[in-house]
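Same chain, two partners: chain A is paired with chain B first, then with chain C.
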Partner chain A sequence: MGLREYLLKRLVHSVFVMLFVVTVVFAAVRSIPGDPARLMLGGDVDTATLEALRAELGLNQPLYIQYFRWLRRLLTGDLGESIRTGEPVLGSIVQVAGPTLSIAALGMVIALVIAIPTGIISAVKRYEIEDYLSTTIAFFGISMPAFWIGIVLVLVIGVNVESIPTFGYTPIDEGISPWFRSILLPSFAVGFPYGGILMRMMRSSMLEVLNEDYMRTARAKGLSSNLVLFKHGLQNALIPVVTLAGIFLAVVLGGVVAVEIVFGIRGLGRLLIGSINRRDFPLIQGTVLLIAFVFVLANIVVDLLYTMINPRIKYGGGD
Partner chain B sequence: MSSRFDTEGGRIFGVRTDLVEQFVNTVRRDLKAKIGVVIVTLFLLAAIFAPELAPYDPMAQDFAPLQAPALSSETPLGTDSFGRDLLSRLMYGARISLGVGLGAVLFGAITGVLLGLVAGFYGGWVDDLLMRSVDVMWAFPWLLIAIMLVSIFGQGVWNVIIAVGFAYIDDFARITRGEVLSIREEEYMLAAESVGLGDLEIIFEEVFPNTVAPIIVQFTVLVARAMLAEATLSFLGLGVKPSTPTWGSLLGQGRDFITQAWWISILPGVLIMITVLGINLFGDALRDAFDVREVDSE
Partner chain C sequence: MTDPLLDVRGLTTSFETGQGRLTAVDDITFQIEEGEVFGVVGESGSGKSVTALSVMRLLDDAGTVEADEVRFKGTDLLSVSESEMRSIRGGEISMIFQDPMTSLNPVMTIGEQIAEVVRHHGDVGERTGFWSEMRRKYVTGTSEGSRSWQRAVELLETVGIPEPEKRATEYPHQLSGGMRQRVVIAQALAGDPSLIIADEPTTALDVSIEAQILNEILELSEEFGISVLLITHDLGVVRETCDRVAVMYASEFMETGHVNDIFEDPHHPYTEGLLASIPRIADEREWLSVIEGTVPDLIDKPSGCPFRDRCDYAFELCDRPLVEYEIEGSALETHTVRCHRENEHVEVDDSGHVESVPDEAVAALERRIEAESARDADGGVSPTADASARADGGSRPSPAADAENGGDHGEY
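Here is the complex of A and B:
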């Protein structure tokens, strides 16, 4: 299978993932007990108003027609309007996406910066003090909920370091430095557990590569061992880590939701929890769909990276 | 490796006794494994016997609110904002946290193992259909789906268990199928078929017991992850009913008093960390004992 064909296959797969998400979300929201129209209007309303709204929402149509109409609207980027504010869902989401994406991105960077070097050192110095130290830290990382790390950081750093805020978010157009400082702690809270996961993967992947025949050969040929490590080993060891880094983006996104609450940041997490408390279903489904969409996109990017790191990869096949 | 496929030797409830033996040997040699076993056992006991061991009723508002922990006082771990004993609440909280963690993974394991057994055993279009559906589930932001499911279907132990456990079906399906495919070719399978055993008999008596080792390992690792997911849901106020004490909800309620009473948020977090750490160590020990590889990306 060629590269093109492989990527096409992955793209089709992503479309199916998205379709599955859309269907699950549709089914879930439609199985809410009670009538969405009545829920939207709330309290006592006359039947005429209720019927009018039902017609407007298309609720009097058969379910499959509602489903396809909804799909068609989604394809044009129309996620509907918030029940409470009447504003377009897409607009409300875009407004608050900044902090969430900033935290997720910096969180991933922090995780990779921690995980890759420590993973390599751990593998190279297996069963030595460096290995025990980094695997222990990684173990703690994967055993703590991100939001709790956030609370501890607020207590420890917030009290002692004045220049790092523990509440709220500063947009990037108010200056890089204030922006960076406002997302530093939440990003660390999100990135640390994720770094633990990646470090363990990096370590085992590197160990496996170190035991490969070609690595031994390269060493035997007299190449200096550091050069061997970086040229031959790292490239191969990174492959599984990069693949799974995309999958574990879900961990990061899930973590951000709760971490935003801890740091009082108005992001997607706050929006989602708020819309759940107000039972604003168009907003709930819009937020979930959009995050899922970003997630699927990220996986495609990871796929591309994967083929770039390893140009000799065999696509598909081998089941 | 070939010893894993042996059907010789005794079994307890379908699990080969040599696995138990291997595990005991690992625990004997490895300090990490010992720590894991001790932590897991202690917390399980504390959770199971909470009604007998807890000093007070976790709901009774008997004490002065927001008392700091003092080991010599009536309330050694302090009290919450309603004057309830934190130690008792944490012990009862362990029941929900561990119970939901175990329940969620059990739900995922039963569903996933059945799917994997059927897919691997029958192959062909059944395999294609089942595994393609499972593939789709792989790339999925599950916590968000869990949040949405709980918000729609309401809070409660069973809803949280299913919402969290749904995410683990694909892991078990993939592992089980892989194992089934690799042992299908073994000679004893041919033997079983030639003696005229039925499909179900072959699946449950011959195939399943040999897929057990990697499944147990995965089970343990996922219980740790499920407990973190439950904690997150409870923290967001979307777990089991808000009045029920769980580690996540205690932590969330404590957040409002973080500057006056840090212990309400910090102690449940410490317990979550220790338990999850213990389970992860336990899982690592099992992995070593059963010689299961860490990451299976395909």
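Here is the complex of A and C:
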């Protein structure tokens, strides 16, 4: 199967995944107690006003009708309007997606930059001080939630280092450096737990590779130990890590939502939480759809990468 | 008489384990002449592979290698620096491992796996530094116009792989088992070696292609004048391929000699047992255990003959340390045996059982033990050496090999 066909197949597949996700979300948000119309109007309102608003918002119709109406608009690329503000959902999302995606991307980079070298060192220096040190740090990363790391970072670094802000987000068009500094701490908070997970995987996968016959062959060829490790070992060790990196991406996305609150950043996470509080159904659905889209897209990228580094796999899986 | 290509004397390899010291190779001595095929045969776990890895200094930190001498073309392998050793590994001495599926790197093209040997050991004028190799691997790929690649394609052709240009760009999983082992052979030839160590080269292969692969190894080594150290558990293979053979049991060499001597006139009870266990007709089982009992524990191994618990002929001398006896009348080669039955004063009946052990036998044994240990202490040649070695052995420098050098220190 060629690359094009494979991509096409994956995209079609992804559409179904996202459809499933939004359907579940559609049902879930409507099953939590709370009526958006009542929340909008506040305390004492007569039934007639309430019913009028409900009718206006289309909330009085049977669920399946609401669902198909929403779906039909979705197919034309229309995510609907916010119940609360009446603004288009897509616009609201695009407005706040910048900080979230920036933090997630930088968080991933930080995680990889930390995890891969320390994982390798840890495996090579197994049961030595380097191993214990990096394993302990990774353990902290895995056991502390991102928002907690965020709080610690604010207290330790934010308070002492003036040039690194602890609150808010500076868009990239106001300069790369201010942008970078504004997302540095939140990205680290998000990347650290993810990095911890990846580091443990890198370590165990590298340990396995070190015992492989082909590593002995490489040494028997007279290659230096660095060449044996990085030319013959690294790519093999990365294969399982890449797969899991895609699966555990959820850790990053989940982390961003919480971390935005800590750093007072208006991003997708805050938008999502606000819209849940207000039972703003279209906005919730739209936001979740976008997050699902990012996740699915990232996994396609990961799969392509996996195919690149593992020649035993053809596009579309199968040996 | 010229020096042997590889001269190993008193090689002992041990591992520190949680339960005690495991002696994997116990004081073995052998020589491989130029162009010779030397076999080491024994059951799995007898220490054959460790012998090879010790000579190549490929054991990890856990292993300690000691020897009076491991001399290859005049170089003491145990005392050269790691970087000198690297230029020997894959170059002067190359290895073929058991399973071509796992011993080839699954994510590298066949061509590059051979070409890198050419590049590191041949004279093709290509950069072999760390960053050059990394760029070649992860950025540019190996150029198919490079000399090392072209040599790799030639080698693939030499070992009988059809469409070598195309195959060179493929990965190991795209080839059949037999083809893969041919690739491994090509890889072993790539550094222009004088010695190939083949560790069970056909065990993982289909029986139907076993003979082909063996022939390939033998024909090519003969063509290029390469000596072969063949490690196998299969006496049938030994008979087909080797000039001389050592029978290994529980980390020691029990009997060494020309293949014909060993097969026609075995002296050691273990060798006899092995020969009796060769299946007469094609048999699915790899090893017929007609010898009862189990191999002794190699951890804190007691002195004395390691075979005595399983030996039909065991007698009162057998828990004494073994010494080596030379069998007279072997026309072909020196034939040596380590078994107390060979003691000149021990009387043996027609069935091979010991009739009586006169006092002279004990005295003679003690004299031999003393002589061997004296010579060992001299740092010189132990009496286990064959005649030619003994003749010039005394004049050899005694390097009193630094035991700690044996492990692969600083690896990674």
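Going forward, the second predicted complex is superposed on the first by the 257 of 319 C-alpha atoms of A that agree within 3 Å, B and C clash if a C-alpha of one lies under 4 Å from a C-alpha of the other, contacts with A are read in each partner's own complex, and residues count from 1 in each chain.
Going forward, contacts are C-beta pairs under 8 Å (C-beta built on N, C-alpha and C of every residue); 3 or more make two chains touch, one makes a residue touch a chain.
What you see is a predicted model; the values in this text were computed from it and never measured.
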_Taking chain A as the common reference, can chain B and chain C both be placed on it without clashing, or not? Answer clash or fit._
fit
*After lining up the shared chain so the two structures overlap, which partner does A:Gly254 touch, if you call chain B first and chain C second: first, second, both or neither?*
first
*Scan A:Val124 for contacts with chain B and chain C and give back first, second, both or neither.*
second
*What is the contact status of A:Phe295 with respect to chain B (first) and chain C (second): first, second, both, or neither?*
first
*asked:* With both complexes superposed on chain A, which partner does A:Asn236 reach: first (chain B), second (chain C), both or neither?
replied: second
*In the superposed arrangement, does A:His13 touch chain B (first), chain C (second), both or neither?*
first
*Any idea whether chain B or chain C touches more of chain A?*
B
*In whole Å, how close do chain B and chain C get at the C-alpha level once superposed?*
13
*Can you pull the chain A residues that chain B and chain C both touch?*
none
*What part of chain C is in contact with chain A in the complex they form?*
56, 58, 85-91, 94-95, 97, 99, 102-108, 116-117, 120-121, 130, 133-134, 137, 171, 173, 187, 191, 408, 410-412
*Of all residues in chain B, those that touch chain A in their complex*: 135-145, 147-149, 151-153, 224, 228-229, 231-232, 235-238, 248, 251, 255, 258, 262, 265-266, 269, 272-274, 276-277, 280-281, 294-295, 297-298
*Once bound in the complex, which stretches of chain A touch chain B?*
13-14, 16-17, 20-21, 24-25, 28-29, 31-32, 139-140, 142-148, 151-152, 154-155, 200-201, 204-205, 240, 243-244, 246-247, 250, 253-255, 257-258, 261-262, 272-273, 276, 284-285, 288, 291-292, 295-296, 299, 318
*Footprint of chain C on chain A - complex, ascending*: 124, 210, 212-214, 216-232, 235-236, 239, 309-312, 319
